[in-house]
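Paired with subunit B in one complex and with subunit C in the other, subunit A is shared by the two complexes that follow.
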Partner chain A sequence: MPLVVLAGIVLAALPFLGGSQYLATIGLLTAASALVGQGWNLAGGFGGLTSFGSVMFFGIGAYTAAIIQTRWGINPWFGLPAGAALGGLAGAVVGFAAFRAGLRGSYFALVTLAFAEVFHVLSNSLALTGAGLGITLRLAPGLGNFQFLDRRASYAVMLALLVLATALAHWLRASRFGARLVALRENEDAAQALGIDIVRTKTLAFALSGAVIATAGVVYTQTYLYIDPSIAFSVERSVEMLLVAMIGGPGTVWGPILGAIGLHLVADTAQAWIALPGFAAMLYGVVLLAVIRLLPDGIAGMFRRA
Partner chain B sequence: MPPLGILLPSLVNGLLTGGVYALVALGLTLIYGVLHIVNFAHGSLLMLAMFGTWLLCTEAGFDPYAALPVMVAAMFAMGWALYRGVIGPVAAGAGGGVRQDRAILLATLGVAVVLDNFALVLFTGDTRTIDTPYAFDVVPVGGMLISLPRLISFGVALLLALALWAFMTRTDAGRAIRAVAREPDGARLMGIRPERIFALAYGIGIACLGAAACLLLPVFYVSPSVGNSFVLVSFTIVVLGGMGSFPGAVIGGLLIGVTESLGGLLLGESLGPIGISTVFIAVLLLRPTGLFGAAR
Partner chain C sequence: MLEVRGLSKRFGGLQAVRDVDLDVAAGSITALIGPNGAGKTTSFAMIAGFIRPDAGRVALEGRAITALRPDRIAAHGLVRTFQITQPFGGLSVAENIRIGAFLHVAEPAAAMAAARAIGTRLGLGPLLDRPAASLTVAGRKRLELARALATQPRLLLLDEVMAGLNPAEIGEIVGLIREIRTAGVTILLIEHIMQAVASLAERVYVLAEGALIATGSPREIAENPAVIEAYLGHGAAARLARTHSSPFDQAAPHG
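Coming up: the complex of A and B.
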């Protein structure tokens, strides 16, 4: 594994060495996928809580950042903790309601999808979120404003968040809380018999997942200076985070990073090959089917067996 | 509260759309009841069927209602092949229990992603409609003007639902499907091969979408993302009616059609769609067995 980590560090540093904005953009997109994938992985991988609607956290983070600065004049940097807090809160509320009702498996996946749709509809109707028009940020580049003309700076922020999220996953794997989470993923009845509070453990994991994914939404708003309902709450992004985690290796610390790199390699190759809209995403689906059939433990599982 | 003159037609319109929704949901509930699979690809397969119908109408000069038998056969074949080629192997390869449940759910999601984007590659993201001479014909009913194609679609959908029910209760194949749903091991002992029945049931469930597509297209549009809007609608119906329940799917379909229509009327165009998701969440959280489902 150390060799892989070293390779990862070199790869992550690459966009900083050259002055290329293109490389930085690829780095930013890959790190963003890895971050949301890692966020999804915290609950979906370690806890087996397959969510189809985790884009709701991304959207909450994105809108939190936009709203606090355009509506209330609060410093944009405050968006990160505020977005994470609200994402975590949403995860706790949705999770508690769903787990207390005993929803699991496919039912949990569907109810998260429905919650994401509720947020989508709300953001499309409320004045606070600018309804269908969305929110445009005033261009004011500067470190104090959390706005950068240089993509490398945005990439650096995303990368820092990814490191934090991965450290969180690392902690989770070694902690008692993580052990409880894995135990109830493997056998819920047995875990309950051992005295694990199922609702509490799952809710906490989903809240953690929500907080991490929300930070990616905050950085999105700060990078593109615009957010609207269909960007913030798209089903495609929910699928993307799930894909990244499932392809890389659900319930592993490095899986989402491997999955994000793999997915973007596929996407960029496909784009260069056949540049039709939808073609790359179609391959995502094929890859997902192949992974389910051939590599149920993802790319990381391949390394472990070797 | 809007006046009755607006409320009543909106109610009737919702009811008529609900009939077609019921057909979509019947397919979903059949698949769930027999295979215990949450078929997340249902919306995307409907989208595929709608594009198929659209092609038949624009390229081969079919009338959408005349295309119905063709699309039912084609979608049955599609469903059969999908079960044999993708879902069956995934189910067999994933062991059992929670892992199998997740593998199948993700496989149907994978199929949905492939189909949605395949359609995007083939047809681009444009929305498309067909022209029929009767698209805007209306029938006066009790002082209201009811759209003729909606009325036809409603009638045909209910007839097909009835035919499906007769098939399930009156024929040997239908009895075999119900036997496998209830007691797969016992059915095997009686000489029924569950794997074939699963493929048959999945095929029939998807064939419902072929019919629904032909009934929807005269009054609806098709685009690669149209399946997304049907996924939540059809799952809401099935959950509301009780997973696996036939009468539940029909009544749920009508209720959701009305909910959607009244939601749009009372809450407005942008906030209206919240009605469906709210019903879905409320049912799952408060009464997960639905209106007609047995206690789990």
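Coming up: the complex of A and C.
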């Protein structure tokens, strides 16, 4: 395992050494996938709270960043805590409503999907979010402005957030809260009989997941300086998060990172060869089926068995 | 310690539990017996908060706990086990028990130490690091008991923890239950194995078709014609009276 960690550090550092914008962009995209995958994993992997709509948190983060600076003139860096807070709040509200009603499994998944669609529709119609036109940020590069011409800087921010999110997963694995979350995933009746508050534990986990995923949305806005409803709330990104966690090994600390690398290797290579519309979505489906069939515990599970 | 009054539950057209009164004295071992489908597990589920009763109330040490959530009831010191064992399959045996220990021990390492100690005490020592899903029936029953015990309950509800075990294993569990009681835990148990009931319980409640038909010491219950009828069918008591034996005779070996 230390060898794997070493390889990971070298891989993560590569884009900084080369000075190539291309490598930095690949690094940024992979780290972004790993970050949302890790965010999804906190609830979906550890707690078995399979959400199909977690892109709502990404969108909330992305719009929070855009709105506070363009509408209210607040420093963009404040977008990170604000986005995380609002993503967490959305997770708490949606989670509480769903878990209070006792929704589980595919019912929960569909409700999250519906909520994501509600946010999509809202962002498409509200003046605050610029409706269908979305929000364009004024180009003003600078560290103080959280805007970078050099992709390596965006990559560094994304990487730092990924490290934080992974530290959170690590804490989850070691803590009482995390153990209770896993117990709920394994057997709800038994967990409740042993004193675990189902609604509270799940709601907290989903809020945590929302906060982490929202930060990826903030960095997205700061990198591309533009956000609109179809980017912010695309179903495809919801699927990507789930896929990254599933491929890597749901409920493991390193799974989402392995999953993101794996998915980008496959998806980017395939897309370079076959440029059909909708191909990515189809490929995701195939990859997911293959993983469920061949690697039920993900890439991380493969390492554990070896 | 536990006071149950007028507990009732209907499932569609079936009156599963009908107006059940039950008292469990602090420090005692009390048994709830009855034929299959009598409503024993349903009664447990209502007492522990898993099923909302149609009528009736439950009080634990004078505090009303009727229709509280199971986790709240567990926090008050009443914990049940499941007749159909419910392990956390993906976790190790020790991790399973630790979930129980977490109720009152927040620190993960301390909870793990407590869990391993309890597991060892219940004879799961060599299995602590195995996945719970790999346990045999006997192992799973012990795990149910260990997990519940790890929550430091004051009242334990045990639902057929001896079912499916061989006589040697039953003997061990009977010994363990006695130890648990000696350590200050009050016990209410559901059991089909009369020998175990007779040797453990001070007081027995008999449920048939949802209603209580008898209560008393194991000896009194074994001689009660209504109980014999409930188990063996109409007319059985009269037939047995002619042969001067009770189906429970072998059930009360220690007199």
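Assume the second predicted complex is superposed on the first by the 303 of 306 C-alpha atoms of A that agree within 3 Å, B and C clash if a C-alpha of one lies under 4 Å from a C-alpha of the other, contacts with A are read in each partner's own complex, and residues count from 1 in each chain.
Going forward, contacts are C-beta pairs under 8 Å (C-beta built on N, C-alpha and C of every residue); 3 or more make two chains touch, one makes a residue touch a chain.
Worth saying up front: this structure is predicted, and the values here are computed from it rather than measured.
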Subunit A as common anchor, with subunit B and subunit C clashing or fitting: fit
Of subunit C and subunit B, partner touching more subunit A residues: B
Which of subunit B and subunit C A:Val182 touches, first, second, both or neither: second
First (subunit B), second (subunit C), both or neither touched by A:Phe115: first
Contacts of A:Ile198 with subunit B and subunit C, given as first, second, both or neither: second
Touched partner set for A:Asp268, first subunit B, second subunit C, both or neither: neither
Touching partner for A:Ala190 - first (subunit B), second (subunit C), both, neither: second
First (subunit B), second (subunit C), both or neither touched by A:Ala174: second
Which superposed partner A:Leu276 touches (first subunit B, second subunit C, both, neither): first
Partner chain in contact with A:Leu103 - subunit B first, subunit C second, else both or neither: first
Where the C-alpha centre of subunit A sits as vertex, the angle toward subunit B and subunit C in the overlay (nearest 10 degrees): 80
Least Cα gap, in Å, left between subunit B and subunit C after the two complexes are fitted on chain A: 11
Residues of subunit A contacting subunit B in one complex and subunit C in the other: 185
Residues on subunit A engaged by subunit B in the complex (per definition of touch): 48, 50, 52, 97-98, 101-103, 105-107, 109-111, 113-115, 117-118, 121-122, 124-125, 131-132, 185, 188, 235, 239, 242, 246, 276-279, 281-282, 284-286, 288-289, 292-293, 296
Complex interface listing, subunit C residues touching subunit A: 48, 50, 69-71, 74-75, 79-82, 86-91, 95, 98-100, 102-103, 106-108, 111, 147-148, 150-151
Contact footprint of subunit C on subunit A as seen in their complex: 174-176, 179-180, 182-183, 185-187, 189-198
Of all residues in subunit B, those that touch subunit A in their complex: 38, 40, 86, 89-90, 93-94, 98-99, 101-103, 105-107, 109-121, 124-125, 224, 228, 231-232, 235-236, 239, 268, 270-271, 273-274, 277-278, 280-281, 284-286, 288
